[in-house]
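Take a look at the structures listed below.
Here chain A shows up in two complexes: once beside chain B, once beside chain C.
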Partner chain A sequence: MAQEQRSAEAIRQQYGVDEETIVDRIRENYAGYLFILPTFVMFALLFYIPIVQGVYLTFTNATLGGTTAEFVGLDNYIWLVSNDLFVFALGWSIVFVFSVTAVQLIVGLIAALLLNEISSSTKATLSAVIMSPYFSAPLAGGVIWFWFLDGNFGFMNKFLIDLVGFAPSFLAQGLWPYVSLIVAQVWHDFAYAAIIYGAALSSVPSEQYEAAALDGAGRLRRFRDVTLPHLMIPTVVILALRTAYNVAEFAQPFELTAGGPGTRTMLLSILTYRTAFVNLAFARAFTIGVVMIVLAMAAAILYIIAIRQEEELYV
Partner chain B sequence: MARLELDGLTKVFEGDSGPIVAVEELDLDINDGEFVVVVGPSGCGKSTTLRTVAGLESATDGEMRIGGEVINNKAPRDRDIAMVFQSYALYPHKTVAENMGYGLHLSTDHTDEEIEKRVEEAATMMGIEDLLDKKPGSLSGGQQQRVATGRAIVREPSVFLFDEPLSNLDAKLRKHMRTELARLHTELNITTMYVTHDQEEAMTMADRIVVLNDGRLQQAGTPKQVYYEPVNLFVADFIGSPSMNIFDVTLRRDSDGGAELVNESFTYAISERVTNNFDAADGDEFILGIRPESLHPADETTPVKKTVRGRVDVVEVVGSDNFIYLDIDGKECRVRTRSAVEPEIDTTFDFTFEEEDIHLFDADTEEALAHGTKSPEPADQGVEEAAVGD
Partner chain C sequence: MLNETRRSKTLLWIGIAILALWALFPYLWVIRTSVLTNFAAVDPGTPYIPPLDVLSIDSFLNIWNRADFPLFFRNSIIVALSAMVISVAFSIPGAYAFARLDFPGRQVLFYTAVFTIMFPWIVLTIPVYDIFFRLGLVNTLVGVIIAIAIFTLPQNIWLLQGFFRQGIPPNIEEAALLDGNTEITAFLRIVLPLSAPAIGAAALFSFLTGWNNFLWVFVLTSDEEVRTATVAIHYILGSDVLREWNILMAAVVLLVAPPVIFYGLAERYVGEGLGGGAGR
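Let's turn to the complex of A and B:
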């Protein structure tokens, strides 16, 4: 029965076929290549070329609207590390990104778990309502939270003053602006995690819960031994994507505090904006942008290392 | 002693368009160590019955007892049962050994060493001792099936429940596992309730077959009983492959005590030995059932009134036998013959059969009236007999 193993060369010789070259492949599938060509060109023009150009800019002293740009070597990077505001913004950005991502993960999981328990008829409506912040424009979210938290006419202030007689200034006082920014950001994007978790939950085979129940596992046990393992890979996906998005988050924090009071809640994204469009130091703004890319990439690499280990989960 | 008794078991689901009765007034006794196969078409309530016994569904009415103890309100874990699912339901992140030992860890006081020992014993029994450190994802379908069965036997339950455990396997492996599960049952002798839609599986494995349709018990009996003495047309049609040939016939009595079964395509003479089994007046309508293997080619000596003629539509060669599909005035008739008989397509084919092999059913109630020259036993007697026999 067993057929003898033949080398690739022997088979090619026997049947007179040549090794497939890239030209062969293009000739065979030219229509497919034709279809992806426009996307490829646009991506190159609008994405890859600007990135390369941007990285080059960080070695110059280009300004917005300026006519000349001289090569200055690593000056911009030296300026970065010696700049107190940048160092502060980097630290605060890291705290902001990781706390927002972590809380979004937890709130999203809870929302997905609760929605998963609901019967089908009300589930769709309730999901839409709970997920709605994610589908609102970040600017609109900023307006809502501003109306909610503003120290002069905000709803929370009025409410607390009526109730307990005093209220902190949520966007200005002490640690409150930091908390406010994190809470508002979690509110806006937790549904991202909820959607992915919801899909993962509904794909857990019900027989596994039944088998676990027959094996004697209670509700919590079933969650730990059946549900959680199915959520490991979705978690890594959410972490990687959410981290990148949260590093780049600009609109809502900018609207709420714009980095203030003063520069006390300065995020890298807002600092980039100010450096580029207020101070017109375009090259320096790009340098900060490079740091943000490195931050997001470092996180992604960490998660990818983690997901590699997760892959062994099922083998 | 683990006898499984179902007493008027009823399960009603609340559907979108009103209540649906999935299982209705099901009475069934499964003796200690008996292997009972529940069979029926999809939607007949067989899986619901099993799931209700397992405690995954609650019974709407009726009583379930294991070893004399009512289990209706017990949690699944306390019913002393083990179930094998169609999809196997293995935990993907646990190794084979962890999968098998999970239930023992949770619901018994055994030490880790004892559990390990029992898992190894069960694995040896299923021939999967080399796979204990692997995860289910890297196993083939057949191996996963063995792990799922191993996970059930390691618990040493008083009742095994199987929910179509072999239907995800390819034909060859399915036959192999069938033999293996039968061997396992001989070895362990644990009361087993096995659900399948495959009547061949039911015939080959069961001590006793339970046929369900529309949530109601049709017949419970040994494989031979349900095959040779089906209580009604449904059982006759469902059991056997290819299925029984069915003809609408009218009885014509003649003066000398004999009778004829008349159909627009043929006339078949029967003797008193058949008609004596039931009240039959001239002009009564019946349903005639005859199994494909009971049909033989006719020759010159066959009387005209024992001969049926058809046109050959398709001849299927399966190796050991030939299946000949005949067209008798627009009705299909299946004949199973020796492989030597291979008529040309579109030729006429005359065949005959013995009156000992015919089944007659009431045209209205579809209940069996005669199996050849024997009268059918009362519907529930088959159950009692088999129950006592064990």
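Let's turn to the complex of A and C:
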């Protein structure tokens, strides 16, 4: 009997299994819970409760200002997949998010690599200049590009007419609105990738470069064998975060084309806004939102897997 | 870095110049319009680099008696400042708990906080509008402030917990605990004073995020009295009320300048702490 007890105790010690009640655990960690309580309340108020309420909404026919909302089952989801505009917006959003994220990654990497080569005296100023679009309000980004591409007063218009005698309508004609939206979005946020890559590059020990150079490795080989391995996790981090942000992006595309001309550049975020606050169909709007949440959540899971591996650096 | 040749150095500077041009060019066109006279701003004959006689800073002087711009910018400051105070006050204990204190449920909460950073907020505006509508917070500055405070909260927690984790050695608190402090007094007496610079940085960021915010103000308000500068510029651009392009572009310059300048000055100081999504 005594021996049995001792072995149970030994097992507990070995595996760290403690027998304690919930009250014990709260008492033991009261400081942690006390510190986290304000955050938790804030998140609950504007995050957990609204999401639960929103998901519930998708099974009703709630409208803005409507007094009664009836339970309609999966009707909203059926409406969603049979709605041409939604299907188009989903497809275009995926194209938009993937191309913007990919180009942001490449331009950001180039910017980080070039800035990393500069001596420290001018580096801070130059990176502040090159990163500056990221810090402007996204709405202002939309206005800035609207003005840059405007058919009457824009730079591109004036420049092309002076150069070749005509200019396409960058925000209305053919494929141009799609290109304009992607270019403007890359402009606004490429610095994010540059900042993360820059931090990763500055943490590469210089001895590794010197050792590789002593072994006769050229510039390209040094990049491939020394730099590249250090950039793998930052790449996943940037891909995941930028994918989520680009899915969520609203202000800049909304200001630039607002989904137009007509509905030809409709993104999911703009469609969600229009359905909710122009057509006042709250339930349907959140149903579109559920699709956006799923896309963002897929990116978030990728991100969490990535930061878990190097928690020291990124958590 | 090593064996720098003249040719690669030239290529480097050409690359840097192209990047700087790419980043600055759209800005320059806006700045150019903002310093033109009313007529020159819409005259297609105005040269790329305008001559001195059509340059004027009138737009920056006249903006203060046009279209309630003083009110809009004042609202922007009120909203950003109040949201900053609330958000920082709430994020300090939260960030400290995530960084240092171990308690059951910490990880789940932490990853939820990570997800809030990545959440498509446009979706959240729908139920939040519904809740605020019932609470009578729609179309009030208070409602906007609460929404933006919570919007900037994850970003602040992220920034501060990184600082607590890396900037403050744990043995400082261990020493304080041995001296008879509890976890709370150790935090208040030792950690908090040491964190002043990081808290200042977090405050600056949340101010600028509030300043830049468009979505919440746009969705939660409709009256002009509670409009901030971002939303006001959106409405003016979409209407025919004010077609003085130089004044509108001057407003854009005033909107963009504070964050760009402050972040530019703080850039080396924060590094990857910007991960919270300042540009949203």
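FYI, the second predicted complex is superposed on the first by the 270 of 315 C-alpha atoms of A that agree within 3 Å, B and C clash if a C-alpha of one lies under 4 Å from a C-alpha of the other, contacts with A are read in each partner's own complex, and residues count from 1 in each chain.
Note that in this section a residue touches a chain if its C-beta (ideal position, glycine included) is under 8 Å from a C-beta of that chain, and two chains touch if they have at least 3 such contacts.
Keep in mind it's a predicted model, so treat the numbers as computed, not measured.
On the shared subunit chain A, the superposed partners chain B and chain C are arranged side by side without overlap.
Touch criterion not met for A:178: it reaches neither chain B nor chain C.
In the superposed model, A:221 makes contact with chain B only, not with chain C.
Of the two partner chains, chain C is the only one that A:29 touches; chain B does not reach it.
Touching more residues of chain A than its counterpart among chain B and chain C is C. Shared-chain residue A:79: touches no atom of chain B or chain C. Looking at the shared chain after the overlay, A:213 reaches both chain B and chain C. When the two structures are aligned on the shared chain, A:205 is found in touch with chain B, with no touch to chain C. Touch criterion met: A:272 reaches chain C, while chain B stays clear of it. Taking the two complexes aligned on chain A, the least Cα distance separating chain B from chain C is 8 Å. Looking at chain A, you'll find residues 210, 213, 314-315 touch chain B in one structure and chain C in the other. Chain contact summary for the complex, chain C toward chain A: residues 1-3, 8, 12, 15-16, 19-20, 22-27, 29-30, 33, 41-42, 44, 48, 89-91, 93-94, 96-98, 101-104, 106, 109-131, 146-147, 149-150, 153, 157, 162, 165, 182-184, 187, 208, 211-215, 219, 230-231, 233-234, 237, 245, 249, 252, 255-256, 259-260, 263-265, 267-268, 271-272, 274-275, 277-280.
Only residues 205, 207-208, 210-217, 221, 225-226, 229-230, 313-315 of chain A touch chain B when the two sit together in their complex. For chain B in complex with chain A, the touching residues are 54-56, 75-77, 81-83, 85-94, 102-103, 106-107, 135-138.
If you check the complex, the residues on chain A that touch chain C are 25, 29, 31-40, 42-43, 45-47, 49-51, 53-54, 57, 62, 64, 107, 110-111, 114-115, 117-118, 124, 126-140, 143-148, 152-155, 158, 187-189, 191-192, 195-196, 198-199, 206, 209-210, 213, 219, 240-241, 244-245, 247-248, 250-251, 255, 269, 272-273, 276-277, 282, 285-286, 289-290, 292-293, 295-297, 299-300, 303-304, 307, 314-315.
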